[in-house]
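Report on the structure given below.
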């Protein structure tokens, strides 16, 4: 399954909730304000690193660029819209809005 | 000052943020989904109790009733719209939306 | 006391519009003067005249319009309204579409400003 | 693959509408078939024809309408639209106001459904 | 609305995670559930996070002037919507227990069971 | 817009706590700041929580098709909007530091100082 997270993990519990309901091997996509969670060195970095042991985590390049985020947590896969489409083709989607 | 909080503290960081920026003696009003934080026995009860030592915390009766919340944390003042108006008359307002 | 109300969110989707309305009514009942209600951001959709909610539900546009008819000044931000498809053809009676300057004037003239939104 | 898109949030206020549009375009470019785009909740405001954003900004209504013109089926939920003041007089070309049943039919017919919103 | 006897039946889950009344999502989500039921789909509703408050008993929305929709939950059985799943942890976090919820047929699950239920679905709608 | 020489001047603070682009609040908030400046008010902008991302350097919104508004911050001085306050802790929580922000005149404060600044205001606008 693909879990899509569009809210900032600093202001909303969406990512936290997603991580507690996602099963091992599920993929997670951070997009819109959700990409703020991908920033390296934040107070959430350890949670993201822990999550990377169980999940593929992707972050949408276009949204990262819009917010000026260039340093992402190591292990996060930066993808574009075409790969976002591929993820949806490959997985059923659980949106965390 | 009066801080108004309208988001659920379980899903948003508004209350947490409000508490970290409110100065001692400031009043806090929980309304709309913000009243979910007033429920007794939740995982946030200790945070609310701690906050009550420094702040007057009110919760809007109409919103509590709408959500079926009758057991509120001891010390929270349950008020109606007329008292909400009084609070605004007495204080400058900082909305945490 | 003169109270100004700023509404940043649309009708129905969030409770903000209801709270703003209930608060405004309560303030009037307490004898306060409403300096104005300013609709900004998605708040402009509160003034969409074509709104037709189910008959057993509140009609938010109509409710605001009636409040305007009773003498409360309702202002809809023109820039925000244009983005959301609200213009003079579809705006409720008793509300005026105008510039953001009206918000500043309202804020300066009032003793208090309170914002409702999402 | 047949992909269905559900849009739950309005234009401009949140990025959801932009993401839905960008995703839909990307899916088409990848050769997938869009089973339909369904606008529900505040999403119905995407179809407000009277929208006039600043000239240097994207026109979200126009953009969806053009996508509809290129053959993508756009459906606006009638109940949600009525609440927000969207009716046949002000809906964009190439979109149809219809019942929620269309959403179910779209979901059943598609291989995937993805929801964008706030 | 039309019903198609030959329509494919899919497993659809409505993930209710927002609080009622503060936003219209839980209400408009329920509207989708009712329509979907008329199309004879395999429906379940999952209540997690603040979504559990949709099932809170003794809701009275009169004071806020918003129409309540608690009664609809009692009618769901007539629509053959019978899979109502509640996340135990979400209840506990909010200081709620089974006795705080309305008297309809609810099934309570832990996270691991819910992960499995979600995984079995073909479509998940977020409300 | 009209300017009134005799208009009362009030202390108005714009509390920017939402992330840019994900919602229009930081953009439409900035529009209010510009208008308010034309009315010669005593304006300050406070960047807290995700609001600090409005000041992030190297934003490029081309890929999402949304008009960026970073350049407006460089023009604020011309509007005599000169009190731009940043919360140190919000930056730190997000893994950001001063060098990650645009090159405009920003003042950095700790929470206790910000509490005092907020308290001095007559009107606080949330965006």
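When the chains are written out, they are named A, B, C, D, E and F in that same order, and each has its own residue count from 1.
The criterion applied here is as follows: a contact is a pair of C-beta atoms (placed from the backbone, for glycine too) under 8 Å apart; a residue touches a chain by one contact, two chains touch by 3 or more.
The shown structure was predicted, so the numbers you read here are calculated from the model rather than taken from an experiment.
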Pair sharing more residue contacts (C-beta pairs) when C-E is set against B-E: B-E
Farthest chain relative to chain E (centres taken as mean CA coordinates): F
Chain centre separation in whole Å, for chain F relative to chain D (CA means): 33
Centre-to-centre distance between chain D and chain A (centres being mean Cα positions), rounded to whole Å: 24
Cα-centroid distance, chain A relative to chain F, in whole angstrom: 27
For chain E, residues that touch 2 or more chains besides their own: 17, 21-24, 49, 64, 66, 123, 126
Where chain A touches two or more other chains at once, by residue number: 6, 10-11, 13, 32-33, 62-63, 92-93, 95, 97
Two or more partner chains touched - positions in chain D: 8, 12-15, 19, 22, 41, 79, 113, 115, 117-118
Contact pairs between chains, per stated definition: A-B, A-D, A-E, A-F, B-C, B-E, B-F, C-D, C-E, C-F, D-E, D-F
Parts of chain B lying in touch with chain F, wherever the complex brings them together: 1, 13, 17, 20-23, 92-97
Complex contacts: residues of chain A adjacent to chain F: 6-8, 10-11, 32-33, 36, 39-43, 45, 61-63, 65-71, 80
In the complex, chain C residues that touch chain D: 10-13, 41-42, 45, 48-54, 61, 79, 82-87, 89-90
Residue ranges of chain C in contact with chain F within the complex: 6, 8, 40-41, 79-80, 99-101, 103-105, 107-108, 113, 115, 117
Residue ranges of chain F touching chain B (in the complex, touch as defined): 15, 17, 48-49, 89, 111, 114-116, 118-119, 121-124, 126
